[in-house]
C-alpha cells in the first residue's frame, strides 16, 4: 500500500494511485501524454445512425430533437460531441446508453452488450448511500472492492470523504464522486456528459489527466459531451459537431495534433481554425 | 411591441428586448461596455465578516468550512468570488442570503432587508410549474407581468418555451430559465453561483452581456461565484480569492481594467498576472 | 370421554348462567355428554360460529331460525327464556300509557325491525288506535348506549332487553309495557320465548340422544336455579351485578322467564305473532317466508321428548 | 431490468390513436374475472352464502325502485363527505405542522399515537355519550378516527420535502400562501392523494360503524339490519352500490384531476 | 417565513449537550396536559362515564396481576403482528407493481377499489363463513382489510419516484435485488413509514372487530364484553394498555430505526 494525501491536500496530486500513475507534478496545460495513439486504433467501431427522435411535451405535441445524426466511434478512441445548448446531446447519449428506445434509426447492437459507465450531466448519486457506497454499488463484487473504491475517491480528490452522504458535499465534490464512480467501473464504453464543469481549472485539469491515464491503461471507447472546445481538442481523437435543434451532424473533425504535442498554444491554434470554419457552433 | 425571434433562432440575439438594449451583434469576446464605472461607485457597502462556520455531518461531527471570511461589497459594484472546489463558496452565499444563520460573525443587516435574487448552483425550478410560471412567481404582482416574463425568457433564449415544464428542458435551458428568474426580479443584490456553466460559449457570452446591460440600467450589487477567472476579470470590479477549506480571504483584488478596455487580450494578461501571484488558486 | 356438545355463547350473556350451572353441577356428564362453552363477545358472533360449522349450538330467536330455514339452512329452535324486555320510563315521569309517548323520543334497541318494537306498534294500533311509530321520534342504537342515554335524560323512554331493564329498575325506572303484554295483545295465549338454543336439524337428527341429553341437562339446571338461591352465588361474578339490588332483580326476572313447557301452545302462539310480524316487518324482517317455516320449533320438543 | 438496446429499428411513436383500446380491454378483462370468480363462489357455496350477481343486482334494482337504497346511500354519502373534508383539512394542517416543526411534533406525538390507536368503537361511543346521539357527534367521531391517519401520512411527506425548493421560495420572498400553493402542496401531492384515497375508504368503513351504533339511517344501519338476519344478498347489494359510486368518482373525477396534476412528470419511455 | 438575517451575531452551535432536555420537557408537558384534560372530564362527567386515571390504572394493575390483561393483550398483539407483516409485504409488492406498470394498474384498479371499499364487517364475516372460525381466517380477514390501503399509499410513492436514479441503476446494470434495496425502497421509505404507522393502527382496529365477531380471546373480545356492561373503566384500561405498548414500540424501536434511515437527510438549520 502507498500513503495517500488527505482530502484537504488532494490538490497536491497524490503521488501514487491504484494504477500507480506517473502523472504527478505535471505542469498545468502542458501536453498530456497518454491514451492509445490514434494511428494504432482499430478501423472498425460502433456506428450510430439516428434518423429521427422526437420528444413529446406535456400536451402530447411532438418536439423534433434529432434529425439525421450519424457517426462512428472507432473502437478504443475518444470522441467529443459539441453542439449548442439544448440541441440534443444528452438525448443522443440517452439513446446510445439504452435509456431511450423510442427513436427511428439504428444503433450498433454491440453498444447494448458492452459494459458501460455514464457520468450524467448531474451527479445522480443515491442520496441515502454514502459516497463510498455510491461508488461501490456500481462495481461488481470482488475481493478488494473497498480498497478500489477508496483509491478511486482518492484519485478524484475526495480521499477521506467516503463516509459522507451526498447532501454533505459541494456540487463540485458531488460531480467528482460521480466521475469516480464512472472511472472505477473500467467500462468498455465510457459516456461523459460535460464531466468537468463546476470545477476549478486545477481540479479539472487533474481530472482530465486522470481520464487519459485511465484510458491508456484500460482501452475503452469514450464519448464526451462538452461545451469547452479547448477541452475537446486536448482530449479527443475526433470531434462531432452538431447543429441547432433538431440536431444533425455538421461535421466530424479529426484532431490532427499528436497527443504529446497538444500544448496550450497548439490547442489555441486549432481552436481558432475550428472557430473560423464553424463560427455558429464553435466560439472561444 | 417588438417582434421576437423564435426559440430555435434565439442565438441571433434578439434585436429588441424589454429594456431595448443595444447589445445586438456585439462581436464575441470584444470588450463589453456597460455597468456603472467603478470610480463612480459609492464608497460604503455591505460588509461581511464571518468568523467561523462549521457544518455538522450525519454523525454530528463538526466540519469547519469558513474561517475568517471578511470582505466588503461596495454598493452597486460587481464582486466575483473565486476559490477551489468545496472551499465554502456556496456556504458563504447561503449565509449572505439568510438561508444559513448558524455561524459566528456579523453580516450587514442591510443585506437582510434588501430585495435579493439568487441563481443557485442548480436551477431549482418548481418542476410542477411551467417555465413561465416559475419566473412569474418570483415577481411581485403587477399589470404587465406576463409580458415581462415573456421578455425575460426571450432574453435568455427561451422564447417560446414558457409553457414547457422544467423536466422538458435540457440542463442548459433550465439554467437559463433560472437566470431569467433572477434577472427579472430586478433585485438590490444579485447572487449568482456559477451562473454560466453548462452553456456553450456563445450563449454564455450573450448572457454575460445581458447581465451587464441589466446592471447598467438597474443599479444593483452583484456577487458572483465562478471558477472561470477570465469571466471574473471580464465582469467584476473586484475579485475575492478564497483559500482551500476552511476558507479564508486570501486577497481582494480590484480589476484594474476600464470596462471598455476589457478585450480578450487584456483579460488574458491580467489573468496571467493573477495566476502568477496566486498559483494555487488561479489556474488558466 | 363421552361425546361433546360445543355451544357458542355470549360470554357474559344470560344463557351463560344456565350453561355454567350445567357444567358446575355436572348435569352434562350425568346426561351422557360433555358441554363445551365457546365464548364470544357479540350475539352475531355466536351465529357466525354456528353457520360456519364451528360449533353445534348457539343462541338466537325463532325469527332467525325461520328465516334460515326459508333460505335453505335447516336451523331449528328450542326455547330458553321468555324474558323479553320492555319499554322503560322514569317512574316519576308521569307517563302511564303508550299514548302519553306522543311527541317523545324513544330509544329502540335492535333497530326498526326489532320484534318487540313491531309488537308494541301492533299493540298501540290494536288497543288504542295510536300510531306509535308515526307520533313518536325513535332513536335506534346499541343497547348499552340506549340505556345510558335514558339515564342521561336524552331519551324519554327506551325499549331494551330485559337485563338492561333489570338494572334500570333498581335506579328508579319503571316498565311502561312489556313485550309479552304486546304479544298477548296480538293474540298470544301465553308467554312467547324471547331466545332459545339454535342448532342444525341435520346434526340433531344424527345425534338424537345428544339433544335429548342436552335438554335434560337444561331442565335440571333451570330447576336448580329456580329452587336454590345458593345456586346463584357462584354466578354472581358472571352476572356482573354491581350491587345486591341488581343481583336480586336479575335473579327474579330470570326465574320469571323460565318457559312453562307447553311446546304446542307456544308454537301456535308464536306462529300467530309471526304472521303479524311478517305483515308489519315485511320481507326485510322475515325474508321469503310469510309464515313461520315448519320445523322452526324443533320437532323433537312437540314429539314429547 | 436489463432490456438493453440490442434493439435496432424503433419506429418513432409519432401517432398513437388506439391508446385507449388496450386499457379498456384490460379493464374489461379484470371486471370479467371478478364476475367469473363470483359465479364460481356461488356455484361452490350455494346462493345462501354467496348469492349470484344476478340476484344481488335484482336486489339493488328493487331497492332502488323503492327509493330505500338511494335514500340510505345519500345519507351515508353526505356523512362520508362531511367527515372527509374535516379530516383532510385538520389532518393535513396537523401533519404539515408536525413534519416541519420539531416542537409541534414533540408536543403532538403522544396525542397522535393515542388517537391513532384509540379503537373506533370507543371514540364513537364516547362521542355519542358526551355529545349526544346527534349528527354532529357522528361526523366528529368519524373525523376523529381518520385525522390521525391523515396526519401521519402528511407528516412523512412534510419530512421528505426538498429543502432546496423551500430555500428558493424563501429567497424570492414568497408569501405564506404562495409557498403553500406552489411549493408545499404540489410536493405533498402524492401523500395527499394516498391519504385521500385510503382515507375515503376508511371513513366509509367507520361511518358504517357509527351508523350501526347510533344512527337511524344510512347504509351502515341497513347493512346491520340485514346482517342480523344474515341476508348476504342485501349486504352485498348495499356494499356494491357504494363501491360502484366510488368507482365512478375514481374514474370520472379523481383520475382526470390527478392526470392534470401530474402533467409535469416525465413520462416513462 | 421571512426570518431574514437582520440577525447579527450567531453563535456557532458547536456543542449542544442539552439537546434532549427541551424535547423531554415538551413531551412531559404534552402528557401532563392529557391527564389534566382527563381529570377535568372525570370531574365534569362523573366517574361512571369518565373514570379517573387512578381508577383506570388500578384496573390495569389488577387485571395484570390476575394475568387476564397480559393474556388477551398477547393474543391480540400476535394477531396484529401477523396481519401486519402479511399486509405490508403483499401491499408493498402490489403497490410497486401498480405504480410502475400501467398494465398492472389497469388490471388491478377495479379490484383495488372494491377491496378498499369493502366494509370490514363484511370481509370478516365472509372470511369466517367461507373459511371457518379459524385463526388463519381471522388474520386473513384483517390483512385483506389493510392490504388495499398499503397498496394505494405505495402506489403513489412508486409513481412519484425519481426516474433519474432508476436510469443510473439501469446504466450501471444493477441487479433486481440491488435496485430494490438501494434505489427503490429507500425512495419509498416515507411512503412505507406512512403505510406502516397508519397501518398498524388500522390493523389493530380491525383486529378488535375480528375478535368481536369470531374469536374467544383478545383485547377486542374483552372490550366488547365490557362495552355491553358499559364498564368504561375496563374499556379505557384495555385501550390504554395497547396504546402504551404502541408508545413504547414507537419511541424505542421505530424512532431510532427511522433516525438511522434518515441520517442522510440534510438537517434544517
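By letter and in written order, the chains are A, B, C, D and E; residue numbering begins at 1 in each of them.
Convention: contacts are C-beta pairs under 8 Å (C-beta built on N, C-alpha and C of every residue); 3 or more make two chains touch, one makes a residue touch a chain.
Keep in mind that what you see is a predicted model, and the values were worked out from it rather than measured.
Using mean Cα coordinates as chain centres, the one most removed from subunit B is C. The two chains most heavily joined by C-beta contacts are D-E. Counting the residue numbers that touch the partner chain, subunit A and subunit B have more than half of them in common. Once the centre of each chain is set as its mean CA position, subunit C and subunit D turn out to be 40 Å apart. We define each chain's centre as the mean of its Cα atoms; on that basis subunit A and subunit B are separated by 27 Å.
Distance between chain centres (mean CA atoms), subunit B to subunit D: 48 Å.
Counting partner chains per residue, subunit A has residues 58, 98-99, 122, 165, 168 touching two or more of them. For subunit E, the set of residues touching two or more other chains reads 49, 125, 129, 170, 173-174, 220, 223-224, 227, 263-266. Looking at subunit C, one finds that residues 44, 51, 142, 148 touch two or more other chains.
On subunit A, the positions that touch subunit E within their shared complex are 94, 97-99, 115-118, 120, 122, 124, 126-129, 137-138, 165-168, 181, 185.
Touching subunit E in their complex are the following residues of subunit C: 10-12, 38-42, 44-45, 48-49, 51-54, 142-144, 147-148, 240. Per the touch definition, subunit E reaches subunit A in the complex via residues 164-165, 167-168, 170-174, 178, 182-183, 186, 189, 261, 263-266. Partner subunit B is touched in their complex by these residues of subunit A: 8, 11, 28-29, 55, 57-58, 63, 82-86, 89-90, 121-122, 157, 164-165, 168-173, 176, 194, 197-203, 205, 227, 229, 244-245, 280, 283-284. Taken in their complex, subunit D has these residues touching subunit E: 1-2, 23, 26-27, 29-31, 34, 45, 49-50, 102-103, 106-111, 113-114, 116-122, 125, 129-130, 148-149, 152-153, 155-157, 159-160, 163, 170, 173-176, 179, 190-191, 193-194, 197-198, 201-202, 204-205, 208, 220, 223, 227, 232, 235-236, 239, 242-243, 246-247, 250, 262, 265-266, 268.
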